[in-house]
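Same chain, two partners: chain A is paired with chain B first, then with chain C.
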Partner chain A sequence: MRRGAGIGLWALTVVAGLALYAFLPHFVSDFHSRELASAGVFFIAIVGLNLVTGYTGQISLGHGALMAIGAYTTAALVVHEHWRDVWTIPLAGLAAGIVGFVIGLPALRLSGLYLALATFAFAVALPSLLRKFSGLTGGSEGLRFLESAPEQVTGLSGTVTVLGHTTTQNHFLYYLTWGIGIVGFGIAWLIVRGGLGRVFRSVRDSEIAASSVGVNLASAKTLAFALSGVYAGVAGSLLAIQKEIVSPLTFTFLLSITLLVGAVVGGLGSLPGMVVGAFFVQYLPDVSTRVSSAQGVPDFVYGAAIIAVMLTLPTGVGGLLRRLAKPLTTRLYTRP
Partner chain B sequence: MGRKIYLSAAVFGALTLAAVATGAGTPGVTSTQIVIGGTTPLSGPASAYQSVAKGADAYFKYVNAHGGVNKRKIKYIYLDDGYDPSRTVDQTRELVQQDKVFAIFNSLGTEQNLATRPYLNAAKVPQLFVASGATTWGRDYKQYPWTIGYQPNYRAEGTIYGRYVAKTSPKSRIGVLYQNDDYGKDLLKGLKIGLGKKQKLIVSSQNYDVTDADVQSQVARLKAARVNALMLFATPKFAIQSYVYAKRLAWKPKVYVNAVSSAANIMGLATVGTNKKQTEGSLSVVFLKDPTDSHWAKDPGMKLYRSIMKRYKAGNPNDVYAVYGMSAAHTFVEALKKAGKNPTRESIMRAANHLNIHNDPFVLPGVAVQTGANDHFPLDQAKLERYHNGHWVTFGGLFRVR
Partner chain C sequence: MLLAFDWTQLAQQIVIGLAAGGVWATLAVALVLIYRSTGVVNFAQGEMAMFSTFIAWSLVHHGLSYWEAFFLTVAISFAGGVAIERAVIRPVERAPVLTVVIVTLGLFFVVNGAARWIWSPETRSLPNAFSTRPITIAGVAFSIQDLGTIAVSLAAVGLLWLFFQLTKLGLASRAAAVDPDASRLLGVRVSWMLALGWGLAAAMGAVSGMLTAPALASFDQNLMQPVLLYAFAAAVLGGIESPFGAVVGALLLGVFVNLVGTYVDWVGNDLRLPVALAVILGVLLFRPSGLFGKPSARRV
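Moving on to the complex of A and B:
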């Protein structure tokens, strides 16, 4: 009986979420659905980061660089090979997944802050590498789809027709990004509550205990990095598709920090909180310049807002959700 | 060919959409108001450049207080892009699609404007007086007729330094520190053009990325190459660092510092970080009136500038970037006057490409803001200046460079 109520509540949440996804663009202006699509990019990347940092306990300051791998894979395929932009998404995810696997290798020997520094080095070095190989990446100018391959851009004419339905380009980007985001969220949820999720969490909570019960630390850590690399790569690819450009200035180490801020605000080790984390990092810069555009003030407001959230919600939004839902869930799940 | 057809179809699509969205008439223009917009870094590492937008905004407020242009007030919306081109794309689309601006004006940065140029040209939205000195804005007019730059271009500036060194000290050992992007490379290219046959004088060129923390090792390498004429083709932070590190190495080359970093307040910081001897004798080019130069204390243009900055609380009046922004705004206002009683996007572009302004109060006397059928560089004159006793002193005549 109680179990039935739990499933009912769960199903209600899913239906409400899907309905929100389907109808949200009808309540906001066309341009705002483009902003929502940008938030979706953060959402996908943060869900991926949460797998490796929140669930496996490996701090990564290099996820901005993994997004860059995805974005540049898409851009290079569109501009040099004239692929249609949306078809490059799987390959971008794959490429970043492989790179994620590789940067996961130091995680076998390094832990905690040392691993954070190693991934940070990757994030700092990547923009310089992108400038260095300018034949492929366009150097400091980056690559611009509309100049080099306009016919590969979906929705160039302002509208997109999918299966007989015509929508504006901004709506299309929204549905594409959040559609992928919801699927990615579902997969992450299945991983987290399955056996693999338990393996990840055991690595996070105690490596010694995990290995003594037979968990292969090496494969668990590299797998977590590879999986989360796929998310970052897909997010990067969508970013490139939305902006129709890639530039090294987008993928500075600040992006990696921004993603981590989103994941921490959302609540490490909580998936639903990631939605809030994504909106937080998407809209905070605009809000902070609206407070005052006097020199230095936006950066100050940005920092102060993060500190304020951390003071009031030390476990992030996810922690708050858990606390709010606790009376309900304990009653639902605790058996006498 | 196929691409071209597709593009024109796209342009047509965008146009019909725009027409449907705004109804009849020109977007952003009503009988009482003209809305324009641009992007600028209000936050992040390049936020010092925001004075450009603030100076421009103050000038528009001053014009509005005096009746506007053809009884229309100018509303200038500037949004923060944090110097990230992907955010420039978003903010520019917001200005065009959400705020329905008449034109994009004075957006800052080379990569940032390159990122939005294809979109703005496809949608036929004017991209006016781009705040970047890359050569492409004026050079690629045919391909991008909806875009026009403003300031003297970087290549021309480099050419002036090259010619000056070749003429006055042909035995120099030149070292170059340049930012590893279009801006830095344009200056370096210009320097080589100016040196002509004397290109061998360049004994070392070092670059840095704008995201780097410092240029300590580059400065050490330049010193090791026994450089005695140092070209600083660098943004303010790195230019100041170069002075500081050179002093730490007890090295005092003759410094040529690019106009982007030669604002008096930047040089003041470099002097505070080192000493008077280290910055003494540095050379640069100038096309604006420097607000800290006592020479202009009684100049009517500078008096106007100071009163506007004070009246509209636009920030530090000693910031030459604000003068730049005001000059760009002055040019926009003049172009708007020439664009007819009921300006359209076409007519403002025509006006911007047929400028002949000799009364800009914010640029050096004699400097004209001119464009024409074969000239799409509004500002292309500059003077050399030497840093002496904590101030810039101009010398020689006006160079016309292109």
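Moving on to the complex of A and C:
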């Protein structure tokens, strides 16, 4: 009976979430649904980062570079090979997943800060490499979809028709991004709840204990990096589709930092918190510019807000949710 | 072919590399100081150093000489470092490590924003600390500025070492870093030792900023960002827990980066940092705890 109530509560949350997803664009302007789509990109990348940093305990300062791999895969396929932009998403995820696997290899020998340096090196080096190999990547100019392959951009005419429903391009981008985001969230949730999630958490909590009960540390770590690379690659691909241009400037080290801030504010080791984390990093720069646009003030406010959140919620929004939900779930699940 | 090789140029490039490495060493030691006591890489270290450099610029602008401004700024920075630790790091002392890391990232934006707010973002310059005249040693002309930079950074690191080895306060703060609980029982005020570490790190950062700025024709608020990257790389190369390793790592890195940038055309100016990072990664794969770090033994 009480267990039934718990399941009911879950079902209610899921239905409410899906309803919000379906009807939100009707309540906000066209422009705002594009902003929401851009928050969705952060959401997908942060959920992936959480798998590797939050659940497996491996710090990554290089997820912005994995997004770049996804974005450039999409851009290269559209511009050089004239693929339809949305069909490149799976390949972008695959490419970044493979690169994520490769980045995970140093994790077999390095731990903690040294691993952070390895991923950091990748993030710092990538923009210069993108500039260097300009034949494929367009160098500092980047790749522009509209100039090279406009016919492959979905919604160029302003509207998109999917299965008989016609929406504006921005609404389409919103539905596409958050649709993939929800599926990705669901997959992450299944992973985290399943046996693989237990393997990941055991690696995070104690490598020694994990390996002594037969967990293969090497494959667990590289798998976590590869999975999280797929998320980052898909996010990067969606970012490229939304902006219709990729350039090295988008994928500086700052992007990796932004993702990490989003994941920690959302709460490492909590999936629902990631929604808040994504909105935090999407809207905070706008909000801080609104405070005052004088030189330096937006950055000051941005940093101060990050510090304030960390001082009030040291374990992020996820930690807060766990604390709030505890009395409720305790009442629901424990027998009197 | 070999005879045509320009040994003079090589000697000059090595000294230039050592000068760059010396500056990185001071900032790398600052990173190590904070890492040893808090277990956190302070991402704001470079911005704090930049802020100190702007304070020095203001002092010079108000008529102080470079060296007067230098020592005054080091003192101000020490106080600033202690104040920052008390204000934002102490509240998260017991939080997960990544939380503290994110706080330092927040500090990065706060300090950078504040500097652009207070000093508008146009470029400016500091007077030269040393004569710009070259000096000739064994037939090779070296810049006095480079030699002076090497001397000042090594002196700063040396003074810090003496402080930790010879004074009671230094001993207490080393004890607090090694075993906080036992030190607390012996009456060491561990929390204040962390603040002391932040103060010293800020002072070291100020030295590195004030050595970086005069060597450039002009600088702005992004002055220290590349320096932080190299300092981080150097500290990890040397073994992040070892100040001595950080200094050696920084000097090696300085020379290496400069030689590769000069002699390997493909690398040039753009790829210096990626190449340096790749080499460090290679080293770390064989020595996972850095050149001078102790391999960590884990108790099962």
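FYI, the second predicted complex is superposed on the first by the 334 of 336 C-alpha atoms of A that agree within 3 Å, B and C clash if a C-alpha of one lies under 4 Å from a C-alpha of the other, contacts with A are read in each partner's own complex, and residues count from 1 in each chain.
Criterion: a residue touches a chain if its C-beta (ideal position, glycine included) is under 8 Å from a C-beta of that chain, and two chains touch if they have at least 3 such contacts.
On a predicted model such as this, the values are computed, not experimentally measured, just so you know.
Novice: After the alignment on chain A, I want to confirm one thing: do chain B and chain C clash, or do they fit together?
Specialist: Superposition check on chain A flags a clash between chain B and chain C.
Novice: Counting only touches as set out at the top, which of chain B and chain C does A:W87 meet: first, second, both, neither?
Specialist: Neither partner.
Novice: Is A:G296 contacted by the first partner chain B, the second partner chain C, both or neither?
Specialist: Touch status of A:G296: both partners.
Novice: Tell me the contact category for A:G142 with respect to chain B and chain C: first, second, both or neither.
Specialist: The answer is first: A:G142 touches chain B but not chain C.
Novice: Looking at the overlay, what does A:W10 touch: chain B (first), chain C (second), both, or neither?
Specialist: neither
Novice: For A:L268 in the superposed arrangement: first (chain B), second (chain C), both or neither?
Specialist: Touch status of A:L268: second partner only.
Novice: Please work out whether A:S128 is in contact with chain B alone, chain C alone, both, or neither, and reply first, second, both or neither.
Specialist: Touch partners of A:S128: chain B and chain C.
Novice: For A:R34, decide between first (touching chain B), second (touching chain C), both and neither.
Specialist: first
Novice: Now that the structures are stacked on chain A, which of 235-243, 289-297 or 343-351 shows chain B clashing with chain C?
Specialist: The superposed arrangement places chain B into chain C at 235-243.
Novice: Enumerate the residues of chain A that count as touching chain B in its complex and touching chain C in the other.
Specialist: Residues 124, 128, 131, 294-296, 298-299, 302 of chain A touch both chain B and chain C.
Novice: Which positions of chain B touch chain A when the two form their complex?
Specialist: Chain B reaches chain A through residues 2-3, 6-7, 9-10, 12-14, 17, 42-44, 47-48, 50-51, 79-80, 82-87, 89-90, 93-94, 97-98, 111, 114-115, 118-119, 122, 180-182, 209-211, 315.
Novice: Using the touch definition from the top, list the residues of chain C that touch chain A in their complex.
Specialist: 35, 41, 88, 91-92, 95-96, 98-99, 101-103, 105-118, 120-121, 221, 229, 232-233, 236, 240, 270-271, 273-274, 277-278, 280-281, 284-285, 288-290, 298, 300
Novice: Considering the complex alone, what residue numbers of chain A touch chain B?
Specialist: So the residues of chain A in touch with chain B come to 29-32, 34-35, 38, 124, 127-128, 131, 139-142, 144, 146-147, 150-151, 156-159, 170, 239, 243-250, 252-254, 285-286, 288-289, 293-296, 298-299, 302.
Novice: Going by the contact rule at the top, pick out the chain A residues touching chain C in the complex.
Specialist: So the residues of chain A touching chain C come out as 53, 59, 106, 109-111, 113-114, 116-118, 120-121, 124-125, 128-129, 131-132, 208, 257, 260-261, 264-265, 268, 294-307, 310-311, 314-316.
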